[in-house]
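Below, chain A partners chain B and then partners chain C, in two separate complexes.
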Partner chain A sequence: MAVINLKNRQIECKIVYYGPGRSGKTTNLEYVHRAFKKQVAGRMISINTDGDRTLFFDFLPLGLGRIKGCDVKVQLYTVPGQVKYASTRQLVLKGVDGIVFVADSLTVRREKNMRSLKEMHENLKRMGLDIRKIPLVLQFNKRDLGKKGLPVMSVEKMTYDLNRQLKVPFFPASAISGQGVGGTLTQVLKMTLQYLQQEFKWA
Partner chain B sequence: MGVGGYQTAMKPNVVLKGSLSFLNLGELLQFLGGSGSTGVLRLSSIYAKVPGYIYLVDGNPIHADYGEIKGMEAFNLFFGWMDGQFEFSSEPVACDKTIRKSRMELILDGLRMVDEGKIEKLGRASASSQFHLTSTASSDIPVIKGPLVDYVYVVDEEEFEGGKEIVVQEKYGNWLWVILQGTVEVVRILPEGYAPINRLTDGAFIGGVGALFPKGNVRSATVRAISRVQLGVLDFERIFREYTAASDDFKRVLMSLDSRLKQVTTHCAEAILKKNEGKADLSDLKLFPVSNTPDDRVHRIRAGRAVIVRQDNKHPIMLCTLGPGDILGDIPFLGTAHEPHSASVYVSKDFETDEINLTDIKQEYDDGSETFRNLILHTATCLSVTTARLMGVLKQKTAE
Partner chain C sequence: MNLEEKIRLYFKEAEVYRSQSLLDEALDKYRMVEKLIQENRKIQNKKPLLERVAARIAEMEKRCKKENKPAKPPPVSDEAQSLMKEMFSFDDPQTKGSASLGGAIALAQFGQYDKAIEEFNRLLECSELRFEAAKHLLQCWISQRYSDYAISLFQKWKKTKFLPLDQLEALRNQLQGMLKKEGIERDLSDIEVKKTVEPDSEVEDEDILDINSIRFDLPQGPDKGRRVELEVGFQSGKFIKMIIPREEKSLIQSIKPGDLLKQIVFYSPVAIFSGTGFVSSKKEISSGPKRGDYSLEIKIISISS
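And now, the complex of A and B:
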């Protein structure tokens, strides 16, 4: 649920990078923070959580226009993957407007991906949100590891596992080199703003 | 204004108040941050000895204090306050800056520490979550602790050895005690056996507001000492005088609260001892939208009946049935775990209500003595904890 900040005439919306621990959510956001410097407002906040870091920063999506005369400010978050961080995850997910689900391409992480997606579904349901309606983009991260000889799943297999029913846009990516990161972000921003425009009949 | 002197300062300009169980500290700070507010956030909880204060300038926390604890240490502690009230007063703040991190960093870090167990959770949520975790008989039972005892109201002291019965179900008596030291167990007896409902320890009352009502002197449960307990006998006459001086609507709020507690306790005992699933029968009833009621109003039932239910995974679970004279709605100072946030209301076809204004009731409550208010709050806490226990027992049964 986007917030309209009347003081700054800004519409603030929230995009969350969700996914199992160590799937590359943080790497995605670190890359965005580095590569899109001009659009980043304020510094990146990093909280050290076990096995993961929770990141947060404000992002101003240039070129996507204004809505009803208001600038759009996007808050980008990662959630800590570990089960015990329930309060943090709840706060971060509360009022989410768009989600990037970062899946790990490594074959050994197959079950973790599926379990995390299921948990995200349940968390959204608890907040009265429908996974089929909320803007959602999948990212199959760590494609580069295949070239290094590590066993990775094919994009087809990952699509079958994770996107068979959802049928949302997906991007193969290698967040460490930045490949696919921009495309994922642009897609989720576009979908989120369209969704908000429809939702509030702003268009 | 100096930081230490805030508690004694004149009544502040309160612009926002509410319950932390509805809007937690993280959400509240985001909200105040988003509007760039400057002022003082006062947090209070019956589980905390003194109120806590967070000082904000342009939406950013710059200082906090909780009794002797100041700065970051105090600030982080507040994230553990699961139940309690907040009040924000808009005013200029002039105090030393002891907190320098950004707002979002503070919030995420505070919640991280709660999740990692580095900050103690304070409130009935902690009591109910504890008994969800374990399954052995005695550790299942939630423990209710009370605030500091006001000795002005204690007229005598009594001691009971472990195992002794202090109050016996169905017997007559309207003595009220406050526990000075030790733990007692509240047990509801049914034909099927004994059902332990909850445990009470330091500061909690034995006996609730029900003891004040006409015909309220029949004990609805047995209370026995778990260990050696020291009790303070409360000045019943003095509390009773306060009760009789209260308005009719205020008395109805209390009676309704007591009626809910007795019914939920019975359902809880039945769930413990019998095999029933506690499912509510909602045929011929329709949903009554309590959440549409303005904040300063509640309903007094004129005709018909209302059934309060809470949804579990499968069914609506029956909590209690209310009838003419009973009160429906959200009474902020009671903070019960029923409607509108944690339960739904279904009503019969002939259901009719009058709206009553909460302002006067709130004022009466505020004007009451500390012991009178604590007795009311204790009854409300017992209601919340017993409701959570009922749901926990049923959940465990389903799992089995």
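And now, the complex of A and C:
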């Protein structure tokens, strides 16, 4: 639910990083926080973590400056991925404008990816949103582990599992080194702003 | 791949899963490694290897157990709470003040009950939001396993006609539903003419030490937060009685029967402990040397440490 104020020419939108536990959502935000200093508009807030697990959410505000005459602000959120925090995920998803689904490339996490995507689909439906319409980008994270000899799924397999119906843009990534993180974010922002532009005709 | 290589590979895999807190996956792999070592006769000097793997398995099992415990949301800092409130308050243009209601509901959903209750109590003042605030307030107490207290609140509202009759009736249905979810069946009809509901105490009379005095912070009123210390004049098990001198006007005003004091410190000659108390009565003394002072009775509901 973007806040759009055409009089002051201000836009504020919300991007949520969704995905199974331990897939690297928080790591994505941490990298954005480090690497996009110019766009970062405030502190990254991680509300209560247990070790490195997210219990509530992470939050990072960005300012993109003027786009087509509008001052654009973006709020990035992550959900907690552990199964038991289902209701928190619903809450964080409220008012979402664009989504990054962070999937884990490790073969052992195949089921978890699919289950999490399905759950997200249901949550969106419950909120009256259509997964095929909302700006959505997939990220296949932890690609580096394949090179280290761990069993990971090929991009092709992951596309089949997660994207054969959705057909949305996807990015292989390694959030820990930052590879693919910027590309993912840029793409979701582009799609989200386009979507809002069409919905609200601000440009 | 020969056996040794296989074991090494699996072990490495398990170590990566462990480092990423993928506990089930790590556990699986460590168990496979253990089995391979045990079953193979060619490996020499098995003992230290097996010990190392067993230690890892034990660690994973311990962490899994912790993880699978039902999660009770931990309390978070004041700053984080205000943030949650702000971030999740969605304005419904139809209702004035609904943004604060949304924020308070979010706090409750995040398990920040104390803060949420404070907000709902504030929202009770606003007549348009009163019903919603009251409903969520009751749910907050029930979620914390204070069902009796929720019932006593409802009883108080009913007695004082705090809400219009149709809303009270709707609220009764809601409350009944919430209680039912917790497995509690209670008849709430005509509750306003029944004896005042007092929350059950978790403590046995004989477990309570003799208490000399108590200390707590005023939960509401103009002097909210002020620290108060009172001497205990009479004790019968979990019921304690104190005298409030008539000069203590703000104290007398801010405490009412039916209030729950969540943080009381109890001083006994042998120990100091804290807990929760329910204000079971407050009466002005009408005769004798203490005439004009107030007598306050508190029922000790739980003891934490």
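Definition applied: the second predicted complex is superposed on the first by the 174 of 203 C-alpha atoms of A that agree within 3 Å, B and C clash if a C-alpha of one lies under 4 Å from a C-alpha of the other, contacts with A are read in each partner's own complex, and residues count from 1 in each chain.
Convention: contacts are C-beta pairs under 8 Å (C-beta built on N, C-alpha and C of every residue); 3 or more make two chains touch, one makes a residue touch a chain.
Please read these numbers as outputs of a predicted model, since none were measured by experiment.
By the touch criterion defined above, A:7 reaches chain B but does not reach chain C.
After overlaying the two complexes on the shared chain, residue contacts for A:94 are found with chain B and with chain C alike. Of the two partner chains, chain B and chain C are each touched by A:85.
One of chain B and chain C touches more residues of chain A, and that partner is C.
Contacts of A:132 after superposition: neither chain B nor chain C is touched.
Look at A:59: by the touch rule set out above, it reaches chain C but stays clear of chain B. Residue contacts after overlaying the shared chain place A:47 against chain B and chain C alike. Residue overlap on chain A between its contacts with chain B in one complex and with chain C in the other: 45, 47, 50, 56, 84-85, 87-88, 91, 94. Listed in rising order, the residues of chain B touching chain A in the complex are 24, 26-27, 34-36, 102, 104-105, 107-109, 111-112, 114-116.
Only residues 3, 5, 7, 12, 42-43, 45, 47, 49-50, 54, 56, 80, 84-88, 91-92, 94 of chain A touch chain B when the two sit together in their complex. Those residues of chain C that touch chain A in the shared complex are 9, 12-13, 16-17, 20-22, 25, 28, 67, 70-71, 73-74, 76, 80, 83-84, 87-88, 90, 106, 109-110. The touching residues of chain A, counted against chain C in their complex, run 1, 22, 45, 47-48, 50-53, 55-56, 59, 82, 84-85, 87-88, 91, 94-95, 106, 108-109, 145, 148-151.
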